[in-house]
Amino acid sequence: MSNLELEFRSDNCGRAAPEIIEAVVKSNQSTALGYGADELTIALQAQMGALFERPVRVFPIPTGTGANALALAATTTPFSAVYCSPESHINTSECNAAGFFGSGLKVTSLSGQFGKLDPFALDRAAATAGRGQAHKSQPAAVNLVQATDLGAVYQCHEVAQLGDIAKRHGLVMHMDGARFANAVAHLGCTPAELTWKAGVDILSFGVTKNGGLLTDAIVVFNDEIANNIGFHLRRAGMIWSKMRFASAQVLAYIQDDLWLRLATQSNAAASTLALAIQAIEGTRIVAPVQANELFLSMRSTALDHLAASGVLFYRRGPDLARLVCRWDTTQQEIQQLIARIQQAAAAK
Amino acid sequence: MSNLELEFRSDNCGRAAPEIIEAVVKSNQSTALGYGADELTIALQAQMGALFERPVRVFPIPTGTGANALALAATTTPFSAVYCSPESHINTSECNAAGFFGSGLKVTSLSGQFGKLDPFALDRAAATAGRGQAHKSQPAAVNLVQATDLGAVYQCHEVAQLGDIAKRHGLVMHMDGARFANAVAHLGCTPAELTWKAGVDILSFGVTKNGGLLTDAIVVFNDEIANNIGFHLRRAGMIWSKMRFASAQVLAYIQDDLWLRLATQSNAAASTLALAIQAIEGTRIVAPVQANELFLSMRSTALDHLAASGVLFYRRGPDLARLVCRWDTTQQEIQQLIARIQQAAAAK
Amino acid sequence: MSNLELEFRSDNCGRAAPEIIEAVVKSNQSTALGYGADELTIALQAQMGALFERPVRVFPIPTGTGANALALAATTTPFSAVYCSPESHINTSECNAAGFFGSGLKVTSLSGQFGKLDPFALDRAAATAGRGQAHKSQPAAVNLVQATDLGAVYQCHEVAQLGDIAKRHGLVMHMDGARFANAVAHLGCTPAELTWKAGVDILSFGVTKNGGLLTDAIVVFNDEIANNIGFHLRRAGMIWSKMRFASAQVLAYIQDDLWLRLATQSNAAASTLALAIQAIEGTRIVAPVQANELFLSMRSTALDHLAASGVLFYRRGPDLARLVCRWDTTQQEIQQLIARIQQAAAAK
Amino acid sequence: MSNLELEFRSDNCGRAAPEIIEAVVKSNQSTALGYGADELTIALQAQMGALFERPVRVFPIPTGTGANALALAATTTPFSAVYCSPESHINTSECNAAGFFGSGLKVTSLSGQFGKLDPFALDRAAATAGRGQAHKSQPAAVNLVQATDLGAVYQCHEVAQLGDIAKRHGLVMHMDGARFANAVAHLGCTPAELTWKAGVDILSFGVTKNGGLLTDAIVVFNDEIANNIGFHLRRAGMIWSKMRFASAQVLAYIQDDLWLRLATQSNAAASTLALAIQAIEGTRIVAPVQANELFLSMRSTALDHLAASGVLFYRRGPDLARLVCRWDTTQQEIQQLIARIQQAAAAK
């Protein structure tokens, strides 16, 4: 067995897309005003508006964690409860960022399948939360992750169903779109259909995992929310003085459908992988493979074998592996991985 | 008079240095682990240690505001007072970031000249603060800005004097080095002499204003402080998943003295400017020009004239202008500016 | 059926005990230094130490919510996770107080029965939380409620088992003792056995619900924790200037076993009630009645009937009622309540 | 010289007024609903409304620090600056409470005399603060202390002048009325004239220092502000479950002008004292004596002598003493203090 390492730990292990690197280089021609008053940042507002088929406000922001926490802080009070799925990134992987940005707000996880929020659970939670009772965390926002943290993708009508419930209960709807591109590429819908047309008020628009360098973005579909975000960002040390170098990345990312082409590549890699794995005895794929992540269950010793063979991946339990495909995952890497999974499954 | 605009608003209007851009491009060769576990970030620790002549811990961080606020939060309690000069960036220009990151800590400004902290004021404030009395903000840290927000530079012995007082009162000493390169270039000392050898515990190491793109850094000279910073950063959404693209910038910045060459250029531009302005009647330079900033007092109408002539600058009062030179400010820009100041001063 | 109202909504609807009122009156003889430097507050330290058979630090504090939130804030960092049962007061009824005092800390509920924490769930949660990983909330404290929010009482060995697990994982153990007196009275153990001897580091010592007026207390069994609490309290506006009037209440409360006599009364009332209800067809008591609370399940229409009959109680679901006995609940009130429950159960 | 101690440290060293103690005793007749839903708390709303000649919302709250911090938090954002005098209690004596409750808001002190805010300083600060600029703390509220921390009293027209400026700049006006009774008693005006008629939006209504036991109150003149205060209070652990015992105190305090009678006594004691001291050589009263505090300058050795003679007071500098009269300071105590000041002034 080859010892060559195969990288399937995370999409953030991937390269930056050449088009985005090139845009950064090109944006360095002249002086420009700081803190987002530059031409690229202004152009970004219009381009993103075109992409979403309506005026939006776009704020490049260093990380997805920052985007999520700040989006929630900007749309809630310190007395708020934010509903999410148990597996959601804000609940499991952001070191209390939502509580920090939100002055102590409460992250409340509800049941659901494959990282999706169950609409009935949301409805019941909001209805029984005790709105107006001072000792109760007040229902304020709902967070959905698209694609989910288990690799599934909400259909547009599923988002819209949650959006209706959110609206009915006066909840802001936030979409954590760290893998928004993968979701749109999977669904073939428009970005508008998957967001504001389905009730999303504010979106963490992922760039980094899908070919960016150092920026994600917040996209706001609601002017009232947007007006305070500048203060939130500045207080959080999140407004780059040379914003142009971040805006250049986001602009290149959405130009000529680059973002969808990149996501299509990582989605396809995951699909190919899933198809091949299904034929291997001793393996089980435990969640829908609709984006670029695959959750693979194998005997614990088989996973040990797989790791020893040089495949890099994270374990989510003794017999559960997460495998993530990148935009730059090659066909050769996929084929080698399949071969090593076959060997691992067959090993005693 | 030409209508060509002359950019003197801020050093953050400047270009990125070509060497730094190139380093970003080069760092995109292969996959790499995220969140700072990559080779460039690891190499950065050693390179920065060599620069400072001792082991350090380095954390690339998106902005100077983030670096300052997080450095203070990581070294204080919520009951703390942080002493600074009235003109300091944390006191005037960071939208309550120190209070936010520090869970409500108090920023207390003390007197001083040209943006420096007066040692006697610091000593007295710490001595009379009421340490141990529960109703009093507890003295915890001192913040100095190097170069100061009025363009002056602390001598090494001035820092050391403050360091002694800080130590005596049990205060952590934080240096806001947004223009640290300009200060070192001006003094001709070593980075070590200006920091930990003079009592600095933690440094906001500026990169962006002096040729960087999207990152500054925190440099920690004290392991105990450093151990918690990862959590602080993560909670604040400040750890890039593709950290390598930030570390590449900082590495290129300190390699082969690039940072000092860039700062020497902007310092020299400011010196040239100062020398010429001193000869112009009706002008007064109100603070030492030791780094790349120049504070120019002229009649209010003369400043109006200057602005109308296409010179871009910020006003700090009706008759006070701040002019900032960049690493890429050209000799031609300097000469044109001098000419326009002469015209403005002469105009009725 | 009589229309006379019967008060079973909460123990905080009860009177203050005459002994405690009298102590307040008596404490008003002379001037006294403020903020806890008075003789009563000093005496309280010693008296509480005698009660707990070891030196302790006692801080009277206005409310149980304040005591809980402050106890947790004083023993954790902003990156912390605090484990608790889903029904715990900090999780359901304190309007994000723990997140507020704790600078955004995370309240994480684990499974358990009757409001108790399941030791295995605690062990597993702490073991798999990802200690040292910056993106994970760091395990820091465990909160148990004694008596629980469902009216059950932890046995001493159950507390000790949780204490062992907590110690093994480096967790501080906080006991929310809003009904600590009821638990001690039920168990017949010593306060020491139920707290520090079983691993409790810090205790919210309830007074108000069991005959007090306007104060509860924090009791600390760990000097290192105690030293910072003065600052936490002052910053939270929780240190009365005329502390003597609060300390007088707590002193009277623990003198001559008053607290246990009062709790024995409310416990006995609940026991009597439970015994009688068990004989009534159509009722079910859904949790152990070990303190002064009783959770009664009846058909929704029967509960409507009960409410219409003038019994005051809170509903925890369409067919679930909470009934709380007070120290001053009379035998007559109990008998009338039983009669009305019989009528409600019998009504169509 | 007698060794008998004379208590002049603080008005919070004073007794509770018998009328208030009696009201607490009387309020313990029956059960009552918790958290402010009781009859006394409801009656308090109406009584306080009568006192202020308009509908108000009243929230009893344990401490003045809590009242101040919560009033500011409820009327500002985390990006806010709150203007105050350098000597104000929120700036000097509340251990960062305003920053804590206000999620990191900034307390900005402006110049003024005798603890009053200078209207011109306020106007200039608000005008030049950089409203709308994201890097600047946003002007949001002004805090005045009545009577001031140096014992002076704002005239109604002085408050109104500040109120006009506040309104013009969109600032909420908060009055820290820890000694509001002393101010009203001194001025002989109505409470309405000194508050909402002069532009005050929210008042910390002091009770404790002037004969209360364990409560102060927030009085709100603006419904929009009031609606969120319940959540703020609950999250801060500031809503007593047995609120009736706090409301009883405030009700008794304002009934039949008790509050003004008590304040008149402490004011008169301070006046008598001031008059006598003015005739003693070697003494100087450094601020107007308009309420119950007196700031006395004497040689450092004379103050040592005074302290050694058994007079209890706080020193605000080597040669500056603060003397505070209580509602229960006796004529005999005043005369003895005068005698001892004479002796101290005469001693070598």
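Letters A, B, C and D name the chains as they come in the text, with residue numbers starting at 1 for each one.
Methods note: contacts are C-beta pairs under 8 Å (C-beta built on N, C-alpha and C of every residue); 3 or more make two chains touch, one makes a residue touch a chain.
Chain identities (UniProt): A, B, C, D = Low specificity L-threonine aldolase.
It should be emphasised that the depicted structure is a prediction, and the values quoted were computed from it without experimental measurement.
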Which listed pair, A-B, A-C or A-D, duplicates the contacts of C-D in over half of its pairs: A-B
Between B-D and B-C, the pair joined by more C-beta contacts: B-D
Separation of chain B from chain C, taking each centre as the mean of its C-alpha atoms, in whole Å: 51
Whole-Å separation of chain centres (CA-atom averages), chain B against chain D: 41
Multi-chain contact residues (two or more partners), chain B: 35, 65, 78-79, 94-97, 100-101, 103-104, 134-135, 138, 231, 234-235, 239
Chain D - residues contacting chain A, complex: 35, 77-79, 103-104, 134-135, 138, 228, 230-235, 239
Partner chain B, residues of chain D touching it in the complex: 65, 78-80, 92-107, 134-137
Parts of chain A lying in touch with chain B, wherever the complex brings them together: 7, 9-10, 12-16, 18, 21, 24-25, 28-35, 61-70, 94-97, 100-101, 208-209, 212-215, 231, 234-242, 245-246, 326, 328
